[in-house]
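Take a look at the structures listed below.
You will see subunit A twice below: alongside subunit B first, and alongside subunit C after that.
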Partner chain A sequence: MKAAIYQYAKPATGESAIALVAASEGMAKFVSGSQSLGPMMNLRLAQPEMLVDLRGIAVLRECRNEGDTTLLGACVTHAEIEDRKFDDGTQGLMPYVARGIAYRAVRNRGTLGGSLAHADPAADWISTMRALDAAFLVAGPHGERTIAARDWMTGAFTTPLEADEILTGVRLRRLSPAARWSYYKFNRKPGEFAEAIAIFLDDAPAGVCRAVVGAIDGPPHLIANARELIDHPDVARLDPHLDAAGLESGSYEYLVHRVALERAAAMIRENRKQL
Partner chain B sequence: MTEIVTQQIKLRINREAVSASVEPRTSLADFLREQQMLCGTNIGCEQGVCGACTLLVDGVPTRSCITSAVSCVHADVQSIEGFDDDALMNELRAAFTAEHALQCGYCTPGMLVTARDIVMRLPDADDERVRLELSGNLCRCTGYVGIVRAVRRVLEARRAHQRTPLAEATTA
Partner chain C sequence: MKRTATMKSPDRPQGIGASLPRKEDDRFLHGRGEYVGNIRMVGMVDVAFVRSPIAHGHIVGIEKPAGLEKSVYTLADLHDVQPIVANSGLPGFRPSEQHVLASGKVRQVGEAIAMCVAATRAAAEDIAAQVFVDFEELQAVVDMLEARREGSPLVHEHWSDNVFLETFVDANPDIDLEAIRREAPIKVHRKLRTARQSMAPMEGRGVVAHWDRRLSQLIVHTSAQMPHITRTGLAHCLGLDEGQVRVIAPDVGGGFGYKGILLPEEVCCGWLAMHLDKPVRWLEDRREQLTANANCREHDYDITAYATRDGRLIAVDCEANVDSGAYSSYPFSACLEAAQVGSILPGPYKMDRYRCRTWSVATNKPPILPYRGVARTGVCYAIESIMDAIAVEAGIEPYQVRLRNLVEPHEMPYDNITNKHFDSGDYPEAVRRAIAAIDLAAVRARQQRGEPDGRRIGFGMAIFCEQGAHGTSVYHGWGIPMVPGYEPVVIRLTPDGILEVRAGVHSHGQGMETTLAQIAHEVLGIDTERVRIVLGDTGVTPYSTGTWGSRSIVMAGGALGKAAKELRQRLLQIGAWLLREPLDSVRWEKGAVTGVTGRRSIADIARTWYLAPQMLPPDVDPRGLEVSTSYQAKRDTGTFSYACHAIVVAVDTQLGKTDILDYVIVEDGGVLINPMVVDGQVFGGAAQGIGTALYEAMPYSEDGQPLASTLADYLLPGATEVPAIRIEHMETPAPYTEFGQKGIGESGAIGSPAAIANAVNDALRPLGVQVNQLPISPRVIVEAMRTATPTHTANGIPA
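This part shows the complex of A and B:
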């Protein structure tokens, strides 16, 4: 199918982009890579009257090492992350995750910020940013604000972003060189949205040892202390966390998430990667 | 009902400067096929899944069904019609013929663009990696065996060529 009629603008500054959307009375949407919104518009699941393209705003592509933290602009593409075009400070986690997102042609256009603002629970960055405890940087008509990772996603496809606010980027604490991580994604075909995601991050010098259960109905579920899951290969220890994530015991979803969590735990324990 | 408004765009298509008037909702694929009469780009799913419409925008593979023409202002678009002088694409075309890597041909323009990207970006790719990289391009005829062989044929030929000492290569 073809998209419904809409108007298009590509402003050069965040202020003009915000003003355009603010003036639209809720009928305009921001867009960057359009790799999720594009299909939704072709299927007419989304019919905005105007698209405001953020890819012309240079500041949204800025990435820099800030010492203890890394700033990643919202409009960097998955392919740029995959190709390590900048120093993301995640000890290889983000390039690894990026490589598993959809297909190269989609990664060339799709952006980090677009994926996070879309907030598909089965998307990779939503869960990864939870594991990295990212700070979400937001700009709107009333100035800038920062939203913590735990508050970013309030439900499937739902974030605290107002219609006239832009996610400008994320700020990440840089991982120690000694940090270990594992990422396990279960899907039936490479490049599909995940049926289950499990992430472990063990950064001992920073006092961090957490895990995330992702691709569930709502926001990703954080396991704040994942030490015992790494140290003890005991499947029964996983169950309380899956229950806490809201998965229904014995269901297909419960079982695939348990397998994902078990495999991710084994991978970090044995220092292996999936791909 | 929103009023139909067209926008003037300028871009390069297959190395030629093009100026055109498009509706914002017109996909790059439809723009090429219906306004530029470049029908080599095939449209399959129109939701970015099948890969038939894959072409190059600013040198990288892009889904032209979920990319609007209006978002390609000043971009350099290369569709399957624009590769006649491309040595690598000609190697791939010969390999696709030799390995019977197509039957109906509908997926082929997108397959060739993706295959070219694989050879350029991943010169050391093995069969498993080639299959992974091809997973975004669906073919309902071949079972992919011939396509994987064709990509491997070009990868191996290029590797062998690189290994050949220069003196030998020039006298051969």
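This part shows the complex of A and C:
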């Protein structure tokens, strides 16, 4: 199938991009890497009348070390993260995750912001940003606002982002050099979306020890205090968290998420090197 | 563009047995292939089809969008077009009528209802989106076993049930099966299911059709592997004589059987080109390929085998169903798959008694078509699962049970229990070599040790023989619209000594342009760079049933060998005259007529025939330097290549993931024309078999909706899923073919699923877990682990 007809604009500033979408009465969409929206348009599941391409806006590609925090512009690509083109401050977590996203061809075009705004529950960044407790920076016709990680994804493919708002980037607290992490993704074959994701992040100097259960029906599930899961290799301790994540006890989904969580816990416990 | 020469030195072997780099690599590996999608014609318009969103229902009305009526065509507009009918002569077969656009009723999601035409595909889809179809929905027939139950809704309402054909093979009926059932020391039973798959060639189907006013001829470019059969079918449906139709299949990006059927879309585009007087194009997109057109593979087996205490087969008794979908496709019909199950289920084994009943069942799904391996893949899975079950009961290794039952080399040629004539080979040796190559003893030791990561190791094997290039005596009994006969080839020299070979088979990845050139070199000594292979165009190639059934290198290769020998004789006669020597003093050497006084090259003689005929001998053969001939093998019951696949897997029982650790194939394709091309064929087939075993499934909802409409949902194995396979060749010359070659085009896809399934079950057996369906997805293993109960016995007979 071929996409329905649409207009295309590539403005140079965020203001003009927002103005274009605001004037469209809901018929325009922002686009960056087009790795999700493109196929949906080709299947005519999405039929926007106009695409406003954000890749011409230089500020959305900016990344900088701000001292305690890192700012990552929304339009950085998965490949740029994978290739460590900038100092993301996550002690190797983000490059590791990026390397497992789809295929290099997709990573060359797909963007961090695009993935987060699309909010596919099985995608990697949506769970990773929850584990990193990212702040989501949003600009719209009425100014800028910041949305906390816990409030970002409200359901599958659903965020608080208004149609005329842009996710401009995320701000992450920089992990201390002593921070440990583990990331376990289960998928049918490399490049496919995840069937289960589990992440542990233990940054003792910052007082952070959390885990995330991802690739579930809704938003990723945060385990705010994951200390006991790291300290005690006891599978039964995982179950209350899986129940809390809304997984149906005994189902296939429950079983594979439990294995992912168990394996991620073992990896961080053994401080196993992430290759 | 000038071709760059492939790597070779003047002395490099180019004949039979040489691993010559493919002549076609230059264009394929540089992205310069010419496919239907590359064709551009002035004034060309694009077609999009309105397709049924429901699986089963009556069409109450079709409304064309106002103002666009002339851009939309329904069957009412195509009233003079005949439906596609693929009958079979097998007694009891019920043919279906597949109208090229739905006629009052739709029987599958994706069935074409209307054809919309515009300057671009996108604009045609805009029109299609505005066509309103009013349906009266009917209950869909989705599962083949439920379709056979009393009271099931009917796919074809004028039939009494949903069965295209029932067959029954009852071999050695004098032997009392009831007594065997009572007395056999070993009795094993399995219910097995293979998923419906969607063949997924890299290139989908596609058509560019136009009417040539000068020739009064419809010219159809189409991605097809059997262009002459397509032409016959098109001419019939469109009411044209065959001289008015020329089919050109340019480069074809994978055939696998999917390119062997006449599509309603081809007929529609042909009709439209005639009526619009413009070139018309339809290119199948991946969604149409996955959901609308043919599927394959969906088998269900209820199989029981009886054996002696030491594992010798006594009898096999089976009921098999094949989900044939809604229509009988042209030309193979809806029953080829199931009926073939009945005849080939015994595999390469000896047994006393055999019985098999099969049903080709109609459902509200796309037609099922022969896919690489055809029924053999499912059959191999069924019989090899049963052989493993017998091995377990007998307490012996899987290879031992095979060695006890395989046809022995000293018994060749061997007529098996269903009268298949195994031509030659040493089946047990293939098993022994595979076991040695995989080092089974080491695998068993590793299983005993256990894995540090907790995965379970499993070993599995499968052996099968593959009937290929079977001809008239096999196919006339099927009574389908085509029967292969004498395979033709036309060869001729150009004045500068280039050999043109025109054959009716086609090449869609098989490297035929190389292997046929090697055969020409073998006979004539001509450099393969000076051989041009012309395929795929009914305007310039002789009529053939085309490429299917692993037949081309046997049949077209045999015909070419015969033609080249005749041409050589004519060249010798002229060459001797030019050398002023008697015929019996010259010989053919290094591509030239060589006598006592000198040499005359092919080019010398060709130049003489065409441009200096005054120098020809007075008694020269007036047929000149063009030879048209055709070929049948000495016996047309087919070549039987065979292979043993041996596989080691690691199963992550917690996540249900299966990884292939080692994979060995010992293969006997007779005399190999080009071992590298054969390896490529085997690798490609095995990759498809891995898809069948572990990944590929086209699931359907209860109301007949296909649930995998993109390749994100329909998983194909990729580079990371296909291991480095080790191939060993045996070369037992085929006794009945021109050079001893056998057809092996489908082989890789046949043994792989059975061997992988056996390996997974070997890994899971100590846990009391058994998997009896394909593909073996993580979910299947996790569910089997979860529901495993102690009452589940190894022989499959409820405790």
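What we mean here is this: the second predicted complex is superposed on the first by the 272 of 275 C-alpha atoms of A that agree within 3 Å, B and C clash if a C-alpha of one lies under 4 Å from a C-alpha of the other, contacts with A are read in each partner's own complex, and residues count from 1 in each chain.
Going forward, a residue touches a chain if its C-beta (ideal position, glycine included) is under 8 Å from a C-beta of that chain, and two chains touch if they have at least 3 such contacts.
Keep in mind that this is a model prediction, so the values were computed, not measured.
Novice: If you stack the two complexes on chain A, which partner ends up touching A:Ala79: first (subunit B), second (subunit C), both, or neither?
Specialist: After superposing on A, A:Ala79 lies in contact with subunit B but is clear of subunit C.
Novice: Going by the contact rule set out at the top, does A:Arg109 touch subunit B (first), subunit C (second), both, or neither?
Specialist: A:Arg109 contacts subunit B only, not subunit C.
Novice: Which partner does A:Arg188 reach: the first (subunit B), the second (subunit C), both, or neither?
Specialist: The second partner, subunit C, only.
Novice: When the two structures are laid over each other on chain A, which of subunit B and subunit C touches more residues of subunit A?
Specialist: B
Novice: With both complexes overlaid on chain A, does A:Val256 touch subunit B (first), subunit C (second), both or neither?
Specialist: It touches subunit C, and subunit B stays clear.
Novice: Pick one for A:Tyr8: touches subunit B only (first), subunit C only (second), both, or neither.
Specialist: In the superposition, A:Tyr8 touches subunit B alone.
Novice: Determine, under the contact definition given at the top, whether A:Asn65 touches first (subunit B), second (subunit C), both, or neither.
Specialist: A:Asn65 contacts neither subunit B nor subunit C.
Novice: Counting only touches as set out at the top, which of subunit B and subunit C does A:Leu51 meet: first, second, both, neither?
Specialist: first
Novice: Which partner does A:Pro39 reach: the first (subunit B), the second (subunit C), both, or neither?
Specialist: A:Pro39 contacts both subunit B and subunit C.
Novice: Show which residues of subunit A both subunit B and subunit C reach, each in its own complex.
Specialist: On subunit A, the overlap between the subunit B and subunit C contacts is residues 1-5, 39, 43, 189-191.
Novice: With touch defined as at the start, can you tell me which subunit A residues reach subunit B in the complex?
Specialist: Interface residues on subunit A, with respect to subunit B: 1-8, 10, 34-35, 38-39, 41-43, 49, 51, 53, 55, 79, 102-106, 108-109, 189-191, 275.
Novice: Could you pull out which subunit C residues touch subunit A in their complex?
Specialist: That would be residues 120-122, 125-126, 129, 285, 287, 654-657, 695, 709-710, 712, 715, 717-718, 720-721, 777-779, 782-783, 786 of subunit C.
Novice: Using the touch definition up top, name the residues of subunit B that touch subunit A in the complex.
Specialist: Residues 1-5, 7, 23-25, 27, 30, 46-49, 51, 54, 57, 60-63, 65-68, 70-71, 73, 114, 117, 121, 132-133, 135-137.
Novice: Where on subunit A does subunit C make contact in their complex?
Specialist: 1-5, 39, 43-44, 186, 188-193, 195, 250, 252, 255-256, 259
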